[in-house]
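Okay, here's the structure, questions in a sec.
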């Protein structure tokens, strides 16, 4: 199988050649075109055989489109709303008003930040109770103003800290789940990168759950599962496979409704194209949901979660 | 009332598999050998050092409801191992073992009973069953219990003993958080009281969903209450949790529970609460 | 007019004589009866001429029945509920389930504490944001369980502290007002002692507002008004008069619905009798409210507060 | 985005009664004499030191709405002095004076206008009128404004400048907190957006009611936002407020507002917000 390192090396070479062309005016058009073709072929080959662990790594790729940068590409006129109104504003879970396909919506998203300083403030996208309380506030606001809710999920999980525990991170997540389930407006969740356990599901109990092709959604990180169940840190790739955290597996299981394709090589290869596909998918699903009567939409949502996974049970033997 | 600082939590974990020696148990805290019968009479509190022993769901139910009043309503369901999960050992084998050693089909027992004469629908977790983890079957039992409570218009009592979600059922376990919260919304709409009793441990996904949404939340003395465990916190953030962190009294001081109750007083405390709630739900 | 100090001195003397009777067995029945009669007469005389400032002092009397002690006398089976579920539990604003006249109710009350230590923890009954957030939580719980809400008000005001401001004490009070106005269940507020500004009204926007005869309810403390408007700390008695903070004045203004009489000399003279009158009045009002259809009750509440004080305006001249 | 620490709040109080010298104003911060016209063009920000001048309701409205679009809807009401209040001076006289010097009937002006073409119903407080205090008339104007917004299905914009409740109307002023919150509930039920702009000062009873319940809350740079003032805090509790306490950026850091906007950008910021809200309320 085509090795990721080979692809990376070829990408680097092509970039160097381009710089040469630009700087020195050497005409390498033909050579470059051939190399590009070869790269695409390698990517295709590699991509077909992606393991779940490969996807975990793609979902965590530093260049992956996510957070504010992605939201701004997907929506227009993003207007950020801040604060939990109780003492805090968490930069790791953000939200606000925006327009999407000519209509106003409320968006919520995990944010990891670009600059070093911002990344530190965002704790790798692990949100605090104040983040989830802000999210619940904005969910209620969406309902009040009859705005569809769109969430973008990308977090390793909620922040495991002493103060987070003292301020009831568990209760804040539970409140988000309860609030999101109770909304009258249409809701769509998009799992962009990592969908890590409680911190992810707090924003994911939507009418429609969409998932990028190489995103992950899991009850525990593969590393965590490896440590606990395999008692072996190096078993993370096996754990990733076993946990059924990939978009295709979750589509099969009925957990997600649609897998949004990524550009060949992963979303980071072309963030703008990725955003446009996400955007188109969101607009389609929102239109479908908007066409349903409120009661019907709420009933479908209730049934979906009330019966989640029920197929995975069987009558007791004997 | 100001919190009495001297009223320290005490708790100890003991050997879980006690089936092997039916007559006596050894206290993991002080080493004392205690006759099972004697321990039972003492609410499973070590008569020598006061440590709390883990309770099975059966023992917990016996300690809470009026004798002879319990009726088991647990649905006859088992996990179908939907991911065909296997780590060092197949999940199917773990399930078989857990069923064998506990006699339960999964981690939640549901039933109807009376506490000093007042009806409740109970759901009680058993920590022995894969750490009281919530998978599809547990989620189903909890949702069913709440639906029964709505139907019968009887308060719902949830006794929590869980480390979190059932890892071996992947995201399907995570979704049980949504399932139980959805069922709880119906309970709330119906005005049926929901009482949670948090014991050692009440953490992870169960805490980040149903267990945090009770109308009245009591912590058994010694309970451990939180989302992430101290080890995860220290590993991820380098923070050193303070003494008493996530224990019952700590939770009370931080506004997470309505009260802390010693194990031997729990039954009376629930009776007192049910008495004041007499007539609720109304109509 | 009969002086308060004279009354106090006579009360003390009578108490001493009683102790003498108990200890030494001296028979002083006749003398005591006469003295008691004289005391009652003095009280009656003093009481008839009570100024608003006298009432302010009675409302603040250290022996005045209030807080947990009063709630336990008024209701049965009080079952305390604690915590804001976000990091705090304020002992200065407490609440829980109770039974009142055979039915379950939710009660909320300011608490000042009896022991020195408790009093310190309660900050003289000035509640924190966590107290008001607990109150809003219990109001919502009352609505969910269809329990009438009864509040007992006795606070100089919300706590003016740095952390209280950081955690949005203003927003917490606003949330209480909004929540209490939105409830479907019957609501009755009783002003027991001091009803101090925002910290009081947070619990006072009820269907019925009752007030003990010597309680006060005011937009600002008389001392505060004296300092700001009179620029003279000693003007507090005049300010008390001007502010219309007494029960009779507020009944006239339509702010309160009923003045609950106190024992001669003030509620502290007989806490049990006071509690029994409060109890009877609450039961009566709750029964009246319960008899109304929900929509009607909510409409009446809305009109009451929407039109509060509107009589105090006039068409613009010219 | 992380909060820029260097972006310090600046604010200064200036002489309120400027009617006496119509052509120029003296900056209370740097002492500069500035032509009124020049100041107006500069959003009433001192061109020398950057200090913000107080704005009257009229000036605030002129700075926010499209030229010629404002229509005054203020109800023709005055306070009837319901308590016949008198301190060192009768309240009736204070009212007369305030009316005379401001040309207003009370502290709130209500109207209809457009911001870059988008309709709003505005209620703007004037701090000159007895400290922007909320009495019965102000409460009435605010409730009326919200009712108009519901009727016309147009966003409601509330510009706050208030030290709190009108002491001279006693508990009747306190009840305006309930009145405005009641009216706001109707606004919320109708799905009509409510935007609050907090300026210097936004404190006391107005903040503990209507002003804290907006859908979107902006703070003008330099705003003072809180319940109790720093002096009361220090006197009652002995605590020394930290630097920047209760200022706009402090409020943002503590999650109390959605954003901080410099005065010269406020109009465009509101236009941006109204643009994203175009079509709300729906139907």
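Remarks
In order of appearance the chains are A, B, C and D, and numbering begins at 1 in each one.
The working rule: a residue touches a chain if its C-beta (ideal position, glycine included) is under 8 Å from a C-beta of that chain, and two chains touch if they have at least 3 such contacts.
Please read these numbers as outputs of a predicted model, since none were measured by experiment.
Distance from the centre of chain A peaks at C, each centre being the average of the chain's Cα atoms. Looking at B-C and A-B, the interface holding more C-beta pairs in contact is that of A-B. Annotation: 41 Å between the Cα-based centres of chain A and chain D. With centres set at the average Cα position, the gap from chain B to chain D is 52 Å. As a whole-number value, the distance joining the C-alpha centres of chain A and chain B reads 33 Å. Residues of chain A found to touch two or more other chains are 85-87, 166-168, 171.
Residues of chain D in contact with two or more other chains: 212, 254-256. Put simply, chain C touches chain B in their complex at residues 77-89, 91, 96-99, 103-104, 117-118, 121, 130, 134, 141, 144-147.
Residues of chain C touching chain D in their complex: 158-162, 164-171, 173-175, 177-178, 181-182, 197-198, 200-202, 205, 217-220, 225, 228-231, 235, 238-239, 242-245, 250, 253, 255, 302, 305-317. Note for the complex: chain D touches chain A at residues 1-2, 188, 191, 193, 212, 215-216, 252-259, 272-273, 275-282. Those residues of chain D that touch chain C in the shared complex are 76-83, 85-88, 105, 136-137, 139-140, 143, 165-179, 181-185, 203-205, 207-213, 226-228, 232-233, 236-237, 239, 241-242, 245-246, 254-256. Touching chain C in their complex are the following residues of chain A: 85-87, 129, 133, 166-168, 171-172.
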